[in-house]
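These notes concern the structure reproduced below.
Chain IDs A, B, C, D and E follow the sequence of writing; residue 1 opens each chain.
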Amino acid sequence: MSVHDFYVLSPYLAMAGAAVFVILLDLVLPKKSLLPYFAFAALAGPFIMSLIQFYDLGGATNLLRGADPFTAEDPSILLSAISVDRFALFFNFLIIGSVALVVLASTDYVRNMERFQGEYFGLILFAATGMMLLAAATELITIYVSLELTTLPMAALTAFLLTRNSSEAGMKFLIIGAISSALMLYGMALVFGFTGSTQLSEISTAIGQASGDTPFGNYALFVGIILMIAGFGFKLSAAPFQMWVPDVYEGGPTPVVGFLSVASKAAAFAVVIRVLFTGFFDVALDWGILIAGIAAASMVIGNLVAISQSNIRRLFGYSTISHAGYILVGVAAGVKSGDGIFKAPEFAAIGPDSVLFYLAAYAAANLTAFLAITMISAKISSDEISDYAGLSTRNPVLAVVLALSLLALIGVPPTGIFIAKLYIFTAAVDSGLIWLAILGVINSAVSAYYYVRIIRVMFTHPATSDEKISGSPAPWLALGVAGAAMVFMGIAPGFVMEAAQEAVKALAI
Amino acid sequence: MVEGYNGLLTATVFLPAVGALVLLLVVKGDRNVRNFAVLIALADLVLSLLVFGFFDRGAGADRFQFVDRITWIPDVGLNAEFLLTVDGLSAPLVALTGLLGMCAVLASWRIGLRVKEYFIWLLVLQTAVMGVFTSMDLLLFFLFWELELIPMFMLISVWGSGRKEYSAMKFLIFTILGSAFMLVAIVAVFLTADIGTFNMVALLDEPTMLTSAGLLIPLSGLFWLFFVGFAIKLPTWPVHTWLPDAHTDAPTAASVMLAGVLLKMGGYGLLRINVGMFPSQTDRFAWALVTLGVISVLYGAVVTIRQTDLKRLIAFSSISHMGLVLVGIGSVGISQGTLTVTGLNGAAMQLFTHGTVTGLLFLAVGLVYDKTHTRYIPDLGGLAGRMPVVAVAMLIAGLASLGLPGLSGFVSELLVFLGAFQAYAWPTVLAVLGIVLAAGYILWMMERTFFGVRRPQFDDLTDASLVEAAPLVLMVVTIIGVGVWPTLLTDVFESGLNPMVDVLNGVINP
Amino acid sequence: MVTEAVIWAIFLLPLGSFAFAALVVRPFFNRFSLISGLVTIAALGTALGFSIWTLRSVILGHELVFEPIEWLEVGGATIDFGLLIDPLTAVMLIVVTGVSLLVQIYSLGYMKGDPSFSRYYAYMSLFTAAMLGLVLASNIIQLYMFWELVGVSSYLLIGFWHERPTAAAAAKKAFIITRIGDVGFLIAILYLFTQADNFAAVGLNAFHIPDIWEAAQPEAAAGAILGGAVLTWLALGIFAGAAGKSGQFPLHTWLPDAMEGPTPVSALIHAATMVAAGVFLVARFFPVFEHSPDAMTVVALVGAFTAVFAASMGLVMNDIKRVMAYSTVSQLGYMMAALGLGLYAPAIFHLVTHAAFKALLFLGAGSVNHATGTFDMRYMGGLRKVMPITYILVVVAGLSLVGIIPLAGFWSKDEILLGAWTGTGLVDTWVSRVTFSALLAGVIVTAFYTIRMIILTFHGEFRGGIVRELEEKAQTVPARESHHGGVHLAESPWVMVLPMVALGVTAVLLGYLANPQWTEEIGIPRHWIIGFLGDGLSAALGASGHAETLDFSRWMATISTVAALSGIGLAVLIYLRRRDQRADPLSKVKPVHTLLSEKYYMDTLYEDVMVRKGFFKYFAGILDWTDANLVDGIVDRIGWFFQNIGSAIGKLQSGHVQGYATGIAFGVLAIILALLLA
Amino acid sequence: MLFQDVTFWILSVMAIGGALGVVMVPDLFRAALLLIVVFIAVAGFFILLSAEFLAVVQVLIYVGAIAILIIFAVMLTRDVQRGNLPNRLQLPAAVFAALLLAALVTVAVDTKWEFLPADQQARVDLVQTNSVTTLTGGVLTEQGVTSDEDQAEVQEAGLADLLISDYVLPFEAVSVLLLAALIGALVLVRPSSGTGRD
Amino acid sequence: MSFEAFMIVAAILFCIGLYGSLARRNVLAVLMSIELMFNAVNVTLVAMAKYLAPAALQDDISSVLTGQVFAVFIITVAAAEIALGLGIVFAMYRTHDSVDLSEATGLRH
C-alpha cells in the first residue's frame, strides 16, 4: 500500500481510529461525562479527510490513482475494492453527520452506563466505519465484510442495555442478520460463479454478454440477484425482509435506533444503488420491476400496520419500513426502457440522485424525531404514544420540533421530505411507474393519519403531569441542527440536490 | 413580462406569518396577544385591499400584476421559482382572505384556551391561504396548499368541539389524499418533455402546449388528477363528507376561514388550473362537471334540510352552493356559438360571495353558540328578540345565501345560471331548483332559531358586543356592497378570466 | 315635463326613508320611533306628488325615454338599470304611492305603541321602494331583482311579529311558494339570455323589456327571434312567476296565511300592490303573451278557475281577513283571466279599482280589530252602531267589490265581463265563454261572502270580541296582534279613519271618473283609462289594435247586477235575522262545508303530504341517511378496513424471530415465483 | 479419479448426514459434535477442490474455535437439558427449504456455466493447491509450466499476495470487524448492573 | 465428481441449514444451522473457483483464487459473528433465563 492508498483510505481509517481512540480514552478519562464530546471531536478526523478528498476530487470521478484507464500512473491496489468518488463522499458526510448528531444526543442517555460508555461510542464509530466503506465498496467481498462491519456492532449496540427487551432485540437483529447474510452470500456466490468475478465492473461486463429467457438472463443470475437483494433488503428494512424492524426499534436504545434507521439505512441504499446500477445495470429492467414490487409492498405494509401502533418507537419502526418503500421507488425509477429495438435499459433523467436526496432529507427528519423522542423518553420513561399527552405544555419547543419532524415525515412542505418525495415521485412518473407514484402518494396520505395522531396527542390531550421536560445543551444542539437541516432542505433544496446529482454521476460510468 | 420584484404581495402573504413569529417570541399576555393579532390582521387587510384596489383593471393593463419573482430551487431537476403575482382571478380572493382573516381574528376574541398558540395558528393559516391565491409556481402553490393543513388541523382538534379529533383527522386525510393526486399531476406536467417548468404563468399563457407530444399521463388523466384534488377541497359530492364534520366541530373562526376561504382554494384551483391549463379537457368533460355540480347542489340542499345542528346545516348548504361553481364552469360545454365569460365569472363570483356569506353565517352562528351554548335547532327559538343584531346579520346572510337580489349571492348565482343554461339547459334548471330548496332550509332555520316563542332560559341573552358586531358589520357591508355594485368584482374577475375564455373559444371552435 | 331625476326620486325617496329608519332611527333613536313614521309619510307624500307629475307628463304624451345605467356587464350579458315609463307604469306608480301613503298614515294609529314601530316603517318603506322599482324597471333582470325584493319585504312584514310561530311560519310559506313560481320566471330569463346573440344581431338587448316586446312581434324586424313554442314556454315561465306572486291556483295557498302580518300590511301588500304585481308582470309582457294563444289560454283558464275557486273558500271562513284574502285571490283571478283573454286595459283598470276598495276593506278590518281585538267574525257583530264610519266605508267597499253600480268595482268588472263575452280573438271562443261563465258565477259567490262578512261583523249583537274568544278557546298562544289587547268598542282614531275615508271616496268615484262611459266628464275623455292604457301599449309596439273600447252594454250590466243582487239576497236571507251567528248555517251542508273550510285540503296536500311526508320525511330522510351511512359510512369503513388490515398484518409480527426469518424465506421464494410467472 | 469420487461421496454423506443430525438430534451437545463432523467433511471437500489452505483454515477456525465456542456455550446455558427441540415452524421451514433447494438445484443444473478450458485446468489446480507457497521453477516445470512468463505468473499468484494487494481493504476491514465483534461481545457479557433502561 | 455434484451437495447443506435456523428453538442450534449455511456457501465458492473460468483468467492467473479468498473472509466473519452471537446469547440468557427463541417474544405486534 502506497501513501496515496493510505490517503484514500484516510476517512475510514480515521473513523476506525476514532473508535479505538474513544475506547482507549474511556480507560483513562476520569470524567466520563466528557467522553461524548471527545467522541464528537474525534469525528473531525474523518470529516476533515472527507472534506479534503472532496476538494481534491475536483472534476475527477474517482480519487484512486489509476481509475482513469488512460493515465499511465501506477494504479492503486484499492481499485479492485472501492471507489472513492462523490457518491462515496456524499454518504461519508451523511453518515458522519448522523453519527455526530447521535453522539451528541447520547450524552444524557449514556450517563448511567458508567463503565461502558467508551464501548458504546466505539461501537457506533465502528459501525459508521462499516457504513462508510459500504458506500464506497465496488467489490462483493468488500461489500460483504463492510456489511458485517455495520451489522455486528449494531447488533451489539441493540443489545447494549442488557435489559430483557434490549437483549431480545439484539438477538433478533443478529439472527435475522446472519440468515440474511447467508442468503446474500449464496447469491453473491452464484453471481461470482456466473460472472467469474467479484468486482462490480467486471460483473457488469460479464452480464452484458449473457442473455436468456429467464429473468436476468439465466438461473444463476436470477436466483443470485434475488438472494442478494434479500440480503440487502434486510438492511434496507424493506418488505418482505422487514419483520425484525419494529421489534428492534422497540427494544434497542433510542439513539441507536435512530442511528440504525438513518445511517445504516443510508449505507444500505448506497450499496444497493452501487450494486444495481454499476453491477447489474444490463438487467435493470428485470430488477426494476422487482424493486418496484418491493417498494410497493414496503409502503403499504409499513403504513397500514403503523396505523394501529401504540408504542412510538414501534410506530417509527413501521414508518421506517414505509420510507424504505418510498426510497425504493426512487431506485426503481432510476432506469427506464430504452427506445431502441432491444429495449435496453437506460438511465432515467432523475434516478438515484432522488434516492440520495431523500436519504439526506429523511436522515434530517428522522433524526430530529428520534432525538426528540430520546429527550422525551429520558424524562417520561415511556414510549407509549398516550404518554405523550400534553407534551406541548410540558415542553412546547420540543413538542413543536417533534411535530415538525412528524409533518416532515408525512411529506408536508416546507420540509426536505416534501421535496424528496416530489423528486422521487417525479422520477417514478418519468420512468413510467405512474402506478407506483400514485400508490406512493396515497400512502403518504395514509401515513398522515398515524403521524398526525401523535401530534394530536401532544397538542390536544391534557397533560398527565406538570413536570417540565428538559435536556442538556448537547442534545438540544443536535436537535436544533437536525431540525434546521430538515427545514433547510425543504426551503432551499438546491444545495443538497446538486450534491446528490454530482454524486450519482460516479455511477454512470 | 412577468418579471421583477414588487414586494407588495410578499408583504401581504408573509405579514401574518411574521406576525405569528413575533407573537411567538415577543408578545406576552393574552390581552396583548389579541390586540397584536388584530393589528396584524388589520394591516394585512389593508395590504390585501391595496392589492385589490390598485389592481389595474384597464383594458391595456398587464394580466399579471404585482410580480414578485426570484429563483427558489435552481435548475437542478426541479427548477422552481418563488413567483407571487395576482391576476384578475386571484386579486379579489386575496381581498377576501384579508377580510375574512380580520373577521376570524375578531371572532376569536372570547377564546380563552391557549390564546397565543391559537392566534399563531390563525395567522399562519392566513399566510398559507394568501400564498395559495398568489403563487404562480405550481410547486410553491402546492407548498402553500399543504401548509394550510397544519394550522387548520390544530385549530379544529384543539379548540373545536364535539368529535373534534375525528373531524380534524378526517379533514386532514381527505385533503392530503386530494393533494396527493394533485402532486402526481403537477409532477407529470413538469416532466412533460417540452414543458419542464412549474411556472403557471407560462402554462396559462400557452395552454395548448399541453396538447403537445410527450405527455406522461394523458391530458384527461392530468385533468382528473387535478380535479380530484380540487373537488375534495371544494367539496363536491361524493367527496364532501369531511366538510360537515370539520365545520361542525371547528371553532367559529376556523369555520369562518374554512368555509370562507379554504373551500375557495378548490374553486380557485379548478378555474386556474383545470380550466386555465386544460381548456380542451374542460370542454370535453364539461358535462361531467355540470353533472357533479348539479348533484352537489341538489343533494347538498336536500340533505341540508334535514340538519338540526346549525353549523352542520350551514356546512351542507356550502356543499350545495359550491356545486354552483362547478355548474358555472360547466358553461364551457356549449355546443355552439361563442363562449362568453359569464358562467366562469359566475363561478368566480360565487367563490367570493359564498366566502362572505358563509363567513357571516358562521360568525352569527358562533355568536349564537357562544351565548346559548347550543347549536341544536330544536332547542333554540325566538332569539331575534334578544339578539337583533345577530338575527339581522343571520337574516342578511341567509337571504344572500338564497340569492336575494341586492345581496352578493344573487349576482353570482345569476351569472352561473346565465352561463350554464346556454350549455346545459335542463341540468341548469335542476340547479335552479336548488335555490328554492335554499329558501326552504334558510328560512326554516331562521324560523326555528330566531323567530317564534322564546324559551325562558334565553330571556337574559345579550346581543353582540361591539367587538363581536364588528366582523358582522364588515361582512354585511361587503355582502350588500357587492350585491348593489357587483361590477366592482366582476370587472376584475373578467380581466383574469377573459384570456382563458379566448383560449377556450379556440378549443371549442377550432 | 317630468325629469329623469324626479322619476328616480319616486323610487329613491322610500328607499331613503328605509335607510333612515333602519340605520339611524332603529339602532340609535328607537325611543323616538315616531320619527321614522313621519319621515316615511313625508317621503311617500313627495313620491305621490312626483308620481302624479309623471302621470301628467305621460298623459301629455311627453317623450319619456331615458338612457339606462349599466349595472353589470359580464361576457355577453349587459344588465342595465333603466326607467320604463309608459301609461301602465304611470298608473301603477299612482296606485302604489297612493295606497302606500294612506296605509302609512293609517299605520300611525294602528301600530301606535308597538315596540318595533321603526322596524315596521323601515320594512314598509323597503317594500314601497321595491314595488316602485319593480314598476319602473326597464330591464327584465332589474324587474326580477325588485320582484324578489318585494317578496322579501313581504316575508319580513308577514313575519313582523316574529315571536308568533304562526306568523313566522306564514312568512316562510309565502316566500317559498312565491319562489317556486319565480323559478319559472328565472328560467324564462335564462332562456332569453341564450338568445342574446340573436338579439344583438339586430341591435337589441335580450334583457331590455321593450326589446323583448319587439323580438316577440312576428311582423317586426327581429321577428324570427322569439316565436312558436319558444314564445309559449317563455310566456309560461313568466306566468309561473306571476302566478306565485298573485296567488293563482295552485300557488295560492300562501296568501290567506299571509294575513298573519299586521293588517295595514295586508292592505298594502296582500291586497293592493304586491299581489297585483303578478298581474302587472303579465301585463308588462303582454306583447309577448299575446302572440302565444296557448299561453293566453292557460292564463285565462287559470285566472278564471282561481276566481271561482278562491271565492268558494271565502264563503266559509270565519276570520274576516281570510275572507278578504280569498276575495283578493279571487279578484286577482279576474284580472288574470282578463289578461288571458287579451283584455289588457280592463285588467289594469280592475287592478286599480281593486287596490282602492280592497285596501279599504282591509283597513276596515283593521279598524274593527282595533275595536274588538279579534279577527274572528264569530266574536264580532253589532259594530254598526259603535263605529258607523267604518261601517259605511266597509259597506261601500264591499259593494264596490260585489260590483254594484255605480261604485268603482262595477265599472272595472263590467269591462272584464263584457270583454270576456265579446271576445278579443286572441284566444279561442270557447275559452272566452268558459271564462265568462266562471267570472259570472264568481260574481254571485263574491256577493254572498261579502254580505255575509258585513252582516256577521256589523249587524246583530256584539258577541264579546277577543275576551270571549280567549275564554272559549282557552288558548295559551298569544292571540294575534295582542297589543290591541282588550275590547274597547269605539270608532278608531282620526288618523286611521281619514285614510279610510280617502279610500272610500276613491272607491266610489274612481270607477266612473277614470273611465266615463257615455260622456266626457269634467275634462276626462270617454273610456279614458282603457284608451290611455291601450294606446300606451300600441305606442310601445309601434302598432295599433289595443285601444278599441267597448261601449257600455246594458245587457251585461243587468246580468251582472242581477247576479250580484241574487248573491246579496241569498246572504241577507240566510244571515241577517239569525239569532245565533256563531254556528254557520252553511255548515249544515257538511261535506261541502268541510271541504271548503279545509281549503280543498290543499294545504294538507302540500304541507303534510308533499313537504313533510313525501319530501322531508322520506326523500330528504333517505338522502340524509344515505349521506351519513353510505357516502360517509364508506369513508369510515375504508378507514376501519385499512386499520384492521394493518392490525392483521401486525399480528403476523408474533415476536418470534424465526417467524420473521420464515418471512424472509417466503419473500425470496415468492419473488422467484413471481418473476418466473411474470 | 475413482478415489476422489469415492471420497466425495463419503464426504457428502458425512456432511449431509451430519447436517441433518445437527438440525434433528434432540441433544444439543451431540448436535454440536455432529457440527464438527460437518466441518471436517467440508474441509475434506476443500481438499478435493484443491484448496488445501482453506481446509486447514476450516479445521482451525471452525473446528478449533467456533465449534468449541458453541460447545462451551451449550454447556454454559442450562437449556442443554431441554435439548434441541423444534418449534412450530417445522412444516413451513421444511417446505421453504425444500422449495429453495429445488431452486438452487435448478440453478446448479440449468445454468450455462462457463467452465474452465480443459487446458487451463491443470494450471489452475497448481495455483490453487499451492496458494500459500511460492513454487520453485523446478516444480513448475515438472507440472508442465515451462515458459518463463507463465512461471512468473503462477509464482506471483497466491492467497497471501491477494490479501495484501487486491483484497487488502476487506482484509483490513475484517480485522476491524473482529475487533468490533470482540468489544461487542465483551460489553454484552459485562456484569449487568442496572445499566440502562428500555 | 462434477461441479454440479458439489453445487448440489452445497445446496442441500445450505437448505438443511436454513431449515435448522428456522425450525429449532434453541438459539445455539440456530447459530449452528447458520454456520452450516456459511459452510455451504464456502463449498460453493471453492467449487466455483476450481471449475469455472474467472473473468480475468487471461490477464491474471491469480484470479482463480478469488473464490478461496472469499471463503477465507467468510470463515473469518463467521468467527466474529459467532463470538458476538454468543455474547448476545449470554445477554439473552441472563435476561430471559433461557435460550429458547420461542420464549423470547416479548417484543411483538
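We take it that a contact is a pair of C-beta atoms (placed from the backbone, for glycine too) under 8 Å apart; a residue touches a chain by one contact, two chains touch by 3 or more.
As the structure is a computational prediction, the values presented were derived from the model and not from experiment.
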Item to check | Touching both chain A and chain D (chains) | outcome: C, E
Item to check | Minimum number of chain-to-chain contact steps, chain A to chain B | outcome: 1
Next on the checklist: Taking each chain's centre as the mean of its CA atoms, which one is most distant from chain C?
Outcome noted: D
Item to check | Geometric centre: closest chain by C-alpha means | outcome: B
Next on the checklist: On a C-alpha centroid basis, what's the spacing between chain C and chain E, in Å?
Outcome noted: 96
Item to check | Averaged-CA centre spacing for the pair chain D and chain B, given as whole angstrom | outcome: 71
Checklist outcome for this item: Note: chain D sits from chain C at a C-alpha centroid distance in Å of 104
Next on the checklist: Taking the mean of the C-alpha atoms as each chain's centre, how many Å separate chain B from chain E?
Outcome noted: 64
Checklist entry - Listing for chain E: what residues touch at least two other chains? => result 14, 17-18, 21-23, 30-31, 52-53, 57, 66, 69, 73, 77, 80-81, 84, 87-89, 91, 94-95, 101-102, 104-108
Checklist outcome for this item: Residues in chain D with touches to at least two other chains are numbered 87, 89, 92-93, 96-97, 100, 103-104, 107, 113-114, 167, 170, 174, 177, 180-181, 184-188, 192
Item to check | Contacts with 2+ other chains: residues of chain A | outcome: 141, 144-145, 148, 152, 155-156, 159, 162-167, 170-172, 175, 179, 186, 190, 193, 196, 222-223, 246-247, 251, 446, 449
Checklist entry - What chain-chain pairs meet the touch criterion? => result A-B, A-C, A-D, A-E, B-C, C-D, C-E, D-E
Checklist outcome for this item: Interface with chain D, chain A side, in the complex: residues 1, 9, 16, 19-20, 23, 77-78, 80-82, 112-116, 119-120, 122-123, 126-127, 129-130, 133, 139, 141-142, 144-146, 148-149, 152-153, 155-157, 159-167, 170, 186, 190, 193-194, 196, 212, 218-220, 222-224, 251, 253, 381, 383
Checklist entry - Which positions of chain D touch chain E when the two form their complex? => result 1, 4-5, 8, 12, 15-16, 19-20, 22-23, 28, 31-32, 35, 38-39, 42, 45-46, 48-51, 53-54, 57-58, 61-62, 65-66, 69-70, 73-74, 76-77, 79, 82-90, 92-94, 96-98, 100-101, 104-105, 107-109, 113-117, 120, 123-125, 127-128, 131, 153-154, 156-159, 161-163, 167, 170, 174, 177-178, 180-182, 184-189, 192
Item to check | Contacting residues of chain C [partner chain E, same complex] | outcome: 650-651, 653-658, 661-662, 665
Checklist entry - Where on chain E does chain C make contact in their complex? => result 18, 21-23, 30, 101-102, 104-109
Checklist entry - Taking the complex as given, what residues does chain A use to touch chain B? => result 349-350, 353, 392, 407, 410, 412-414, 418-419, 421-423, 425-426, 429-430, 432, 434, 437-438, 441-442, 444-446, 448-449, 452-453, 455-456, 459-460, 492-494, 497-498, 501
